[in-house]
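Next come two complexes, and both contain chain A; in the first it sits with chain B, in the second with chain C.
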Partner chain A sequence: MEEEKLNFIEASFLVLTILISHIIMDLPNMIIKSQNSSAVLNVIYITILVLIYFFIINKLFEPFDSKNILSISEFVGGKTLKVILGIIYSLYLICISAVILRGFCETLKIIYFPKAGLWIILGIFLVLAMLANKFGERNIIKINTILMPVILLSVFVIFIALLRNFEISRVFPLLGNGVKSTFVDGALNMCSFSGFIILFFVRPNLKNVKDYKKVGIVSILLSASYLVLSVASSLLLFPFLTANAEVLSVYLSACTIRFGKFMPRTDALFMFIWIFTFISYLSIIVSYIVKFSKESISPKSPSIATYISAIAIFIVALLPQNSTQVHFFQNVVYKYLSITIVFILSFVILLIGYIKKKKLNKTREIQ
Partner chain B sequence: MRSKKILICFFIITLIVFYISNYSTIYTIDDLAYVIGIGFDTTDDNGIIKLSLQVAIPNSHGDNQGSSQSESSIVKTVECNTINDGINLINSYIGKKLSLSYCKVIIFSKDIPSKKIINYTATLLNDVEVRPYCSVLLSKCEASYFLQNSEPLLEKLSSKYYNSTPSPEQTTGFTEHINLVDFYNDYYDTFGDPCAVLGDITSEEDEKGHIENFGIASFHNGMLTGELTGEETIYHLIVTNQLQNTVLSIPNPFNDSEYIALSIDSTHTKSKAKIVNGFPYITCNVKFNTRILSSSINSDYLDKNNLEKIEDYANSFFKVNIENYLYKTSLVLKSDIAKFGKYGVRNFLTWDKWKEYDWLTKYASSTFKVNVDTHLKSSYLVVGIN
Partner chain C sequence: MNFFRKLIYDLTNDKNDEYQFILGENNSKTNPELPNELQKNQKVYDSLDVNLEYVHSRFNSLINSDVVIREFLINVKGKQFKAFILYIDGMVNTDSINNFVLKPLMLKNYSNQFDGPQVVSEAVASNILVRRIKKFNIVDYILDNLLPQNDVEKVNDFDKIAQDVVSGNCMLFIDTVNFAFDIDAKKFDKRSIAEPKNEPVIMGSQEAFVENLRTNTSMLRRNLCNENLIIESLSVGKSDKNQVAVCYIKDIANSDLVAEVKYRLNNLDVDYLISVGELSQLIKDDMDTSLPETLSTERVDNSVSYLLQGRVVVIYNGCPYVLIMPATILDFLSSPEDVNVNHVFANLFKVIRIISFCITLLLPGMYVAIVTYHEEVIPTELLFSIVASRSNVPFMVIVEILLMEVSFEVIREAGLRVPTPLGSTVGIVGALVLGQAAVEADIVSPILIIIIAITGITSFSIPDYNLGFHLRIHRFVFILLGFLGGFLGIVAGLFMYLLNMCSLRSFGVPYMAPYAPLILKNNSGYFVKPTWKREFRNSALDPKKKRVQGKTSMKWRT
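What follows is the complex of A and B.
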């Protein structure tokens, strides 16, 4: 079966879903805790770093036309490297999506389903993700294209609704914990863009490969705007010393919205929208894990890969025993894992592939 | 094949829905008892809380048996170890599940140690049902007495009164609207100190008591430091740019024995804070737009000279009163309730330097400079006799 070809809008929204879902997790809180008042400045700084990184990646991809990083890894190190990398990326996506899903389901359980078992809430999301994959990738992409503008609008609405409650002085002192903390240690907050990993795989799915640069820039800028709005909503609303909540910081911001006496509670509406975001996110993650397995291990039946990846996400999501472990994974393990796999390992593979390709082309030219 | 997939999906979704319905908590309006006010008092034993809940009666039939206020609500008071213990106990008396989702006011008795107040606030904010925008009030009388007698003059239902009362900064300016989340955040905020509305129940002989919310109470370092009167609260709202409308009277510059009432329509205050010789130096430039409310047979508000004289007099009058308010917060209350720290922080580049400076302690040694510019637009209908 031929892989689905995406136009510019579909591809941008696909990447955006992954980036935004990672941000909903609890990244605004994590950034504010580490940066204090320089959180917004830090987000702008890491956006610039990620854009520079993307321009480099785009350049490194150029000799390979419409190949993804797994195909390039095969070119670099043979089938073995391809299989190893496929497994690494699959495990990475399973772990990250499991932790994100766990964090979101904990919030749902605390607020709306205190009596329900966590495994039921997790299971429902994963069953829906499996069902979506059974209907095919085309349907996932179409639904995602419809949902994305609604999700973007919801964040924008939260920001506008909270505007009058913001205290602009909370961005002072400008440098927060100092220059080193903001610009050196703060560079690790690039992990907020760990959804960037999809950009390494979306290239062969594009109808026009030349759209790749536009897709990357648009999705990075839009998700950066989303991250700035989420961080600003929390930072300018709460004195950051009190931003230590169990539930999502974006939800806490939504709780304080009041549209007069007519609509005193709007947080339920936003949670409703974010539930669909997560279903879409999980569907995309499962479909990409299936793609990795097809490329690297080539299973007899792709359905088995769908079920196994969903079950793996379910098991990993249930592993943390309490919220302390969840927070540890979200704030520590996630950070270093994302930097290592998304920004270092992938870059190294691409760079080696680029150098090897250039040498090969030179050799051919000489011959 | 496609229809088979759709049937399987439908079957799975139906299973999920039926399974979830076992865990859903569907309560109708008759299954819940709605708490509209929560009160906290002290007891002789430090570890015991005296908790009062004002519960709304949805269908009142005029039966006062067992109710301690009016027909619209009842107040139950218990002594307990923790807030949730108390709610549990009252749940057993009421016979319905208590819902805190519609709680409009939280009242703390003035006698409660301030550190306990913040602990109670944190516990309430931790509750998923309690909305962050319910009002916080410090009561001069016992909180249970306040709830039992919280009958507003012109409104039959306390719940409606708590819900529909316009914010004081829109009408009188004699107190401020302070909500739960702001009170909690201000406690930890390094830009300023928290404050709470001062409430009381006033009653005359042979008459039932009525709510009187007047003035604000200030805190510093977790301790209650003092109170502002109603008039001082107006200046507090002016300085913090919260005042929308009020009436202030100034002595008549043309007649010592009379006063002129000024309607203040809008105020705009621009504040700055610098660090001079290690201490805060705060400037406030206040602009008023006013109209004259009181009129007399001899008043002539069309004369430019008269208006200018009243403006100059108003400028001096307000300048003195605002400075008095500012120095009271600094020297007497030692509490930066106007949150000048948000201007002071701009003098620092890093968070460590800001914390090291300790603005909230240094505020007690602040110097203030106030400039007032009153723009008098004359009066309303009677402008004078030529």
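What follows is the complex of A and C.
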């Protein structure tokens, strides 16, 4: 049973998978578009904000030992709130993963499978996620632990390989569109860390709850490095990136890498790694949706929850009619939905729970 | 004249008098299932005649030419008792039976003629000699005085008697005694200890296991001087009842692991087993995977090394390979030579093996994927060359590669089956002549020959035979996936493949340990540490003793 629990590296990599998949989606493009030359500075800034946010969250979690946000919501508002929150989180994950998957599959379709139907590519990913869930969440995390170092390495390779092509002057002016744009409006770019949501649920799975802080810091810093390198690669490489570019910005960066005459194009190799990331990501998302449904509505068979969640992602992913709508979902819906659910709603629930717990403890002490 | 006579006979008579044998027809009448009453925990009778009749019946001595039953009279203290011995000719040492069983019992000598009291002890007190005399008992007397053998047991169960007789023991039955003397007099021809044929090393021991169980256990004992080495005997199979030895070091191996191994071996409902290969398939955790879950080795030093790590070794009588359990994927990619050489060399070999593993499994599939979907990965000049070489080939790349892969497997299989001197000829004819002819005839492209050759060569660098088989089969799956979905197909397959590996366990130990789950404590992982730094045993095995050596193993330096 002890083996079912995660050590801090496994837990960090679990959180990282979600964070990095969101980054690969097209976040660098979105950040560069909104911040221009201050994109790197903005990423550093939001990283600091997220770290501060995490320290607060960690403090708020302390009285609850190894409970997750759903258990805390039950403590705050009873079973009803738990069910409502379970449904909200499930819908959020379905929507976000569907948008991310759609963006990635569109890229795959354009590059490699122009004749294949989009639904086939989407279907392959979702069938794999369903099959992966048959092996259980623990095995998905195990494979994730093996793959993550390779995934992390890929962005460093891209960055280093592109170093000689970088135009450093593109980071100037440092403040881009201005102080307000970088530090006030730019704070909304915290949505890049929407994978943070897993940190609200990972606590009960940890072998040692004291590792929670370490898990949070490591995963945030590693994903921030990934984001910084991705943003820097795109910013320093291209004079401009349009929001409506039909392929991923990290892919565009990878396309320009040349390793001499023998390897003129290496983007397929990076795509190879990113496909791994997305399958892993989707498997984790489906397993978490199943977990939420188990905790909140206790379905008779977890397999049914797996199928339903995969089909739901499939349907939502097919909803946008064209790439403009996909970009709208990625740049607007994703941003505000993530900020609302991950950074506001979860925080409010946790804060109320914390206050209630403190009051309860005080009352007990008085008695 | 005779011809015409036969012709007339054939025309006038039906041909239904021709001899025909069809197995299985009228099975119930001619080949009824024999009653099993003789084998139901029958105890030895008091009467020698009844025992004799039973033994005749049970061992089918009237039709069994090598079952010997020798009746004779025993001389004890001047009296005579009827007796017989039972053994299988060719499995016992007849000199030993003649000189140390029959002679002392039959011929007159001091021991069997002595009629005085049997003194247990004597003492002199006040000039008076006090003797303790044992009451005469024929059984004790025979056992103590007339059977000068080192290993004699009293057995009263005919099942045990039958099992020991077929193992090469000699049974002595005496009238009025309701048990038999089980005398160890084994001697049969066996292969002498030789060098390992399939796992050669340069700097290690050159001894390999043989077919005889006792020789194998003795080799383990000789190589592992530790009184805590336990060798437990079990029998497997209902008809065959072959001996299996479960070996482990009591103060190192996890007790639960040992219990689990014994539990699985004791709960096999099979009539017989031929080799450890069959046994390993019957005791593996996951039946659906073709991945091996137990290591097999013919090397004694390798087995000793695994025993010292806290694993269990199972020796099967009649097979020169032993099973080692539990095993992880990393063990299948390790060679016994790894610990003998400097860790830098060992790790280099290990990296090469990992690369070989990936190439063997993925290269043909990757080639198909790249040629079909991802041409941009190939340098432009090379791409032109590939396209030019394939321009005259009439087949699709998938047909071309499957054709060559299947041909390669056929050549490999044929090379194994033909007599050894011809094996290399088949290889040369198959690989060189056919390959070149196929290229010249534009059936396949030259680049494909290179791909198949590299894949074939790398597959030989996989140390474990069973893992090699597994990779050969799965290569075809990846070829199909590469053709259907390019890198997407290969990644999908690889993800599921790795996921399956992550879900496996070998006797409770995760198959991908220590990487999945990640076990950080006391593990060197796949790579070999310097000899002086190998402080701990593999924690995935949860051994009783965690430490292998002190913090400073080279105390002479301090």
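The criterion applied here is as follows: the second predicted complex is superposed on the first by the 360 of 367 C-alpha atoms of A that agree within 3 Å, B and C clash if a C-alpha of one lies under 4 Å from a C-alpha of the other, contacts with A are read in each partner's own complex, and residues count from 1 in each chain.
The rule is simple: contacts are C-beta pairs under 8 Å (C-beta built on N, C-alpha and C of every residue); 3 or more make two chains touch, one makes a residue touch a chain.
The structure presented is a predicted model; accordingly, all values stated were derived computationally and were not measured.
Within the superposed three-chain model, A:T340 lies out of touch with both chain B and chain C [touch as defined at top].
In the superposed model, A:I279 makes contact with chain C only, not with chain B. Of the two partner chains placed by superposition, only chain C is touched by A:L269; chain B is not. When the shared chain is aligned, chain B and chain C each come close enough to touch A:I124. Of the two partner chains, neither chain B nor chain C is touched by A:Q325.
With both structures placed on the common chain, the touch criterion links A:I140 to chain C but leaves chain B unconnected. For the contact definition in use here, the residues of chain A common to its chain B contact set and its chain C contact set are 113, 124, 131, 135, 261, 264-265. Residue ranges on chain C touching chain A, taken from their complex, read 370, 373-374, 376-377, 379-381, 485-488, 490-492, 494-496, 498-500, 502-503, 510, 512, 515-518, 520. Of all the residues in chain A, the ones that touch chain C in their complex are 3, 7, 9-10, 108, 112-113, 121, 124, 128, 131-132, 135-136, 138-140, 142-143, 145-147, 261-269, 271-272, 275-276, 279-280.
The part of chain B that touches chain A in the complex is made up of residues 5, 9, 12, 16, 19-20, 23-25, 128, 131-133, 163-164, 181, 184-186, 188-191, 342-343, 345-346, 348-354.
Taken together, the chain A residues at the contact with chain B in this complex read 36-37, 110-111, 113-117, 120, 124, 127, 131, 134-135, 167, 169-170, 172-178, 238-239, 241-242, 255-256, 258, 261, 264-265.
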